[in-house]
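Next come two complexes, and both contain chain A; in the first it sits with chain B, in the second with chain C.
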Partner chain A sequence: MKLQEYTESKHNFEECMKCTVCTAYCPVLQVNPLYPGPKQAGPDGERLRLKDPFFFNKALKYCLNCKRCEVACPSGVNVADLIQSARIKYDHTPPKLRDQLLASTDFMGKLARPFAPIVNGVTGLGVTKTALDWTLAIDHRRSFPKYSGRSFESWLKHRRKEQAAFPEQVAYFHGCYVNYNYPQLGKDLVKVLNALGVGVQLLEKEKCCGIAMITNGMSAQATKHAVHNVEQLRQAVVDKGLKVVTTSSTCTFTLRDEYPHLLGVDNASVRESLLLATRFIYEKLEKGATLRFKPDFHKKVAYHTPCHMEKMGWGIFSEKLLSMIPGVEFTLLDSNCCGIAGTYGFKKENYEVSQAIGEPLFAQIRSVNPDVVACDCETCKWQIEMSTGYTVMNPISILAEAIES
Partner chain B sequence: MNANEFDVIIIGGGITGAGTQRDCAMRGLRTLLIERSDIATGATGRNHGLLHSGARYAVNDPESAEECIRENRILRRIAAHCVDETDGLFITLPEDDLAYQQTFVDACRRADINAEIIDPDLARRMEPSVNPELIGAVKVPDGSVDPFRLCAANMLDAKLHGGQVRLHTEVTGFIREGNTIKGVHTHNHQTGEDADYYAPVTVNACGIWGHHMAEMAGVKVGMFPAKGALLIFAHRVNNVVINRCRKPSNADILVPGDTVCIIGTTSTRIPFEECDDVAVTPDEVTLLVTEGAKLAPSLSSTRILRAYAGVRPLVSADDDPSGRNISRGIVCLDHETRDGLKGFITITGGKLMTYRLMAEIATDMVCRKLAVDKACETAVVPLPGSEEGSYEEVAKKIWEAPTMAQKAAASRMGSRARRIRTGNKRDDALICECEEVSVGEINAAIDRMDVSTLTDLRRRTRVGMGTCQGEFCACRAAGLLAKAHGCIERERADLEDFLQERWKGNFPIGWGDTLREAEYTQWVYKHVLGL
Partner chain C sequence: MKFDSVIVGGGLSGMVAGIALQKAGQSTAIISTGQNALHFFSGTFESLLSPDKRIQTLFSEAGVRLHYSPGVRLTPMGTFREAALSLEDIDLFPTPQFARKVLIVNFLGYHDFFSSFLADGLEKQGMQCRVRFLNLPELEKLEQSPSEMRSVQIARTMDRIWEKVVQEIRVLLKDEDAVVLPQVFGLQDFSVPTRIRQGIPARVIFAGTLPPSVPGIRTQILLKRRYQLLGGSYLMGDEVTRAHIHDGVVHSVVTKNLEQHYIEASHFILATGGYFSKGLVANPFQVYEPVFGLDVDFKEDRNEWYNPAFAQDQPYMHFGVKTDASLRALKDGRPLENLYAVGSVLGQTRPEFGSAAGQAILTALAAADKILGL
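And now, the complex of A and B:
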């Protein structure tokens, strides 16, 4: 008999060798002494919580869920998953109205879109920011993403026939940001994919990936979204045989990894077909597809790797794609968290921590002084634009700008 | 009155000795406890830590069963901070005889143990780790009890009642006048000093070592060392004690204790020479894992932290020197009536969780000899730390918003956690990260709980008991000890001993993550710290 052929534990917490590398890499711990750090909050705390939920520590809410601890861990412990799972399991504090509003990106988008010019005007006002700070504790120093008057979905639906004519097809999980705030990124993707002979379809009906719900104590709603989305993805991947591309690193990561790890929603049938657009495009170019670039294009681009890109290990695809554009002067920024972590940085209590975490990144951007910062994450974009004044573009948009139309 | 004269000398710093000292001290006697090593180093600290409901003994040993359930109820009251009220299950697996369940439940009822047959489905919900194949389940009021904490709390209370304690002090001989024991010669292993202590009564509470102690006093107690091996898993798999509903056998109890769970045990007769250094064999490990997985299948893939073994002090019924008629009940011998040796009592047998009753029986005998007429109060007066209810209440009472380390401290020390210095960076720094032990808690133990080595410290604070097994905490704690004792050289040697002792427990189960971790520990201490 083979005794204990292998050992296993939830999120591998027993694999922890206590080496403390995760703690050294945690961006929160450097600036917020209230946070116990990934090792204590994760594998160490888990043993105590298994003894008695009384040992759950509310300070776990300071975790950014950036997953840098997991990237650093040499033993394969899913440290951040342990922390977020513990929050889901033990923290039954009902989410504040503010957190519910911040987390409901889908709902807020639907609400705001028809009144976009008014909403954008109002949220930009100092008086509104002060009011939001006082009433909801959304920090007054934050800038809000603008809403678009027309949704991406409606734009693409009008082009359904035209897109269907392309010989190759992909489905696009655009996410809330593209749909309600910045349809231009979706349009840029369509332009690039069309140039490669690929037509773009929508999923039958996508919902917000739910990451903001997960981190704001609304896991039940997030699970509903996850079940819905996995079914939608299954129809595209299994029934229609399509790959699904995305332009947001966090949505991608959530659909691929947070669903099974944190929400227990099985996505095995679709996970491998779910790709970030830069990876999809890079792999196509590797296999011989070509793009016609503008001869006179020139841009100094500094690429910031979002935390969830680090976790997926996919930053390399965006980097390579950008550096192969003729006329791009490419700088890879040091791997640092920008500090916003989705809705985290919007909260009044986190503002200082958020900015302190991002400061090394901001300083480097200022010293590189690029024409544009490239990044695959929309919340990093808001944070960097607000904190440095530099424009941030998704690599797909830079690519779209660089190719002949 | 001389400083080395007492009313009663108790030999043995296990739970029986500590409990007896407390009882004697509470009845107003001047007490001295002598222990050659540290508290709870013998069978006290080397068992399951099961707070028996008595159900295990109900069918075959109703007397023990009744003792257990009575003491079970008492300990929940007087030792709240040492007890975890988990409840227990007796499960019937397909290969077991389901008819035994009724015999078992009837026997429990006769012993006044609340045993309730429950639906297997309910059992699976109550304890999700239980073998899902179970065909029957009985719920009983089992629990778990922390032996180190219990022992330390008894000793502390004895001291609060004026008792004196000499640890690391060995009894080297008896002071005898005619057929009366008048006192003991002792040797302190740490200071090297010899001292004599006098008392009209001496209690032999040395567990299995009581055999030799009795011989030294010139009387014979027929003891039979029975080794029991156990395994500690690195985290709690179960939150409810799981037993097999059949005749007691090997490896059929899985007890959740603090942050770990423990499977055991085996029972093997061993020679007396092995009692000081019992090792767990590969066969025992295989048996424990294989049988354990029948209680909770996930044990076959759960990291094991340590293996250890204890020696039960089994005593042959008094007139049966052959040992055929071995009892697991309490044995209290008055050597005056039995052997004509005055001033000497042996208290042995019994179980961890019947220690209080053993102490009461022994103390009653001591009081009779000293003509002291005072009733036993140990069943009603809570131990220090247990006066203010559960650790949840205690932690919230002391600190408005307790941190994890403060919560953990409250769970270990009960209301005495109030005495820990906290609230500043230095005292709140963690020494042990696995078990959340702060500098303040370590210093409180060093100051008040007779700590001279890292191993002593471990028994009082859980330092080094977590998954890292001393990797990070041992050197930090050694620093505090060196400072307290003002000697770096001594502490360095102590640190080496401590790590060696940790490795001893890792060795029999040295594979997988535990081996990786042990190797990492070796890098840290050998290559980084140059030990």
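And now, the complex of A and C:
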């Protein structure tokens, strides 16, 4: 008899035995005394909130949604899901204009891309940063990701025929960052997959995964994106029988886990076929595929596991892939949050906290002194580059650089 | 993915086994469902009563310094227990009376350190005690969320302001020859406990707090770092959901995070711990082992699980996975050829003596030796 079926609570919160282990691994609690901490904000608070929504505490907004409490929990409580679900359920404060702008990454991308050189110039100016700080409370010390003049989608569309010629095909959920800010990562992926005999297709029409909307109080919009994206993925996976690869750990995590857990959007038909490219490539190599590496490649690489990668448990594929490149001197950095957490660190009120959270990681990077930091998350990349001056590359880009073209 | 050995469970036992195997040149992975019982570690290996060079070397190579000096240790409740081997910052005394006069120092607002229990206990041993509270503005910040005034949060502050604490204690100190402080030092800066001892002109003793245990977390960090430096793959926050077993041999395991990507190995070690970490699960009818469905030694009659005298030896603490003499786990009465059970999942031999940590290490090393054919 399975007793748990009759007693299982939402997000498993009844399993919490108050051991306090999560509080030792919460990066926010270490630097922000206004945050009640994962145990209090999660399972402890849930008990009270179920009794009366009056007990909802607005300080839950300080949660980064990094999921480190869940990774640490010995009892399988989905602490961060409890916290984010409570925000969705009880916090009806309309998001500020700033939060809406920060969260609308594909909308902003569409707007900015045609004017990329101007936008990039303007957002880099001190005067713009000051103005954004005053008007929107976007911290003036932040550097902004640059926009690319040509979108990745348009680049790949021009290569549709050439890609279709490969014997094996995958679809690529590129995400906003690759499309508007850094198409080079997408091109690197195409290079590596082509070298493995795999052609790359776009989905019919992807939208932003919506993670920034979830954390910025725009769950209704996020749900619309989720429903749209799941349908797009379904067409690729179920109708065309394709695997869908990704290069962003957070997009992947959102599509696979946040959709069903936080937004209640069922993705069961596509979840198994949605893979980070590092996992897809590792599995191909494990089955006997080979890549031709440059004989004179040399790089000292330090790998940072992004929080959502830690939660998914797939960092191992990036680690193994990087370590197998001849000429790579590999270091695994300690498990620490970089502090940016998507849009969190861009907000003026979070800047100091964000930098303080990241400091142990930055200090370790400086002491390892690698040629490049590897990481599968774009916002970690901005944060680490801005805070340490070291270049950060997706493992796929390092792989692309290491193979013969 | 294929490894020489895969260890299910990432606590003390799992990490010791992993380090021993990596050191011998194997490729291994540790799969750990969240953090482990080291977060409740007293800092003393109470059941290891004889000196063991191998254990001390293994720990010191990881940066965890141990000292061997048979005697007693001070518990957080002010009582004393026999012990011989402990972390360097946890004192062991030849006899309970370690001083004439003792100054017990706590921090205002910190409720997880039982200074008056300690004072009562020490006075019973004939030591005069004075309890004082330090009121530090640096800790007031933490008090804004009173539920989070915990050992780890304080330890993070102490890594920065320990010199100030030393100065304040020097002012408080009268004619006491010993100072007792909560174990909230040296979480990230491991040199802090030693430097505090050097700064205070009396014997400094660090006594246990409610969890999380700061010396325990430090030990966890260092052992995990050592394991990864040796090339081990530590899969934190993952959980084995199923195993593929054919003809008495475990071929691979399936995990919650990696799903269809099975993890294969020539040898497996089960180090999932006791009831706390769900290495053993009890329901109203039975005690079972959830990962491999192994045979568990427990009493059929549920009334025999407990001793109504709460503080007495509890039979359920002794329940555990059955093995053969080589620690190979039994399933349906027969040993699985390549699965070894270690640590608290075996049930505790002497729970009343705090046997868990010592048992975790000894069985882990024994299983590693079997795998290596030593």
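To be clear about the criterion, the second predicted complex is superposed on the first by the 399 of 405 C-alpha atoms of A that agree within 3 Å, B and C clash if a C-alpha of one lies under 4 Å from a C-alpha of the other, contacts with A are read in each partner's own complex, and residues count from 1 in each chain.
Note that in this section contacts are C-beta pairs under 8 Å (C-beta built on N, C-alpha and C of every residue); 3 or more make two chains touch, one makes a residue touch a chain.
Treat the numbers as computed from the prediction; the structure is a model and nothing was measured.
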{"item": "Partner chain(s) touched by A:Asp44 [first = chain B, second = chain C, both, neither]", "value": "both"}
{"item": "Chain A residues touched by each partner, larger count belonging to chain B or chain C", "value": "C"}
{"item": "Touching partner for A:Cys19 - first (chain B), second (chain C), both, neither", "value": "both"}
{"item": "Partner chain in contact with A:Pro36 - chain B first, chain C second, else both or neither", "value": "both"}
{"item": "Which of chain B and chain C A:Lys311 touches, first, second, both or neither", "value": "second"}
{"item": "Overlap of chain C and chain B interfaces on chain A (superposed complexes)", "value": "1, 3, 17, 19-20, 36, 39-40, 44, 75"}
{"item": "Residue ranges of chain A touching chain C (in the complex, touch as defined)", "value": "1, 3, 17, 19-21, 23-25, 29-30, 33-37, 39-40, 44, 70-76, 272, 279, 283, 286, 310-314, 316, 319-320, 332, 334-335, 360"}
{"item": "Chain A-touching residues of chain B, taken from the complex the two chains share", "value": "234-236, 239, 256, 258-259, 285-286, 289-290, 300-304, 391-392, 395, 403-404, 407-408, 411, 430, 433-434, 436, 466-468, 471-472, 511-513, 516-517, 520"}
{"item": "Contact set on chain C toward chain A in their complex", "value": "1, 29, 33-36, 39-40, 141-142, 144-145, 147-148, 150, 152-153, 156, 188, 211-212, 217, 225, 228, 233, 235-239, 255-261, 276-278, 283-285"}
{"item": "Residues on chain A engaged by chain B in the complex (per definition of touch)", "value": "1, 3-9, 13-20, 36, 39-40, 43-48, 50-52, 54-55, 57, 75"}
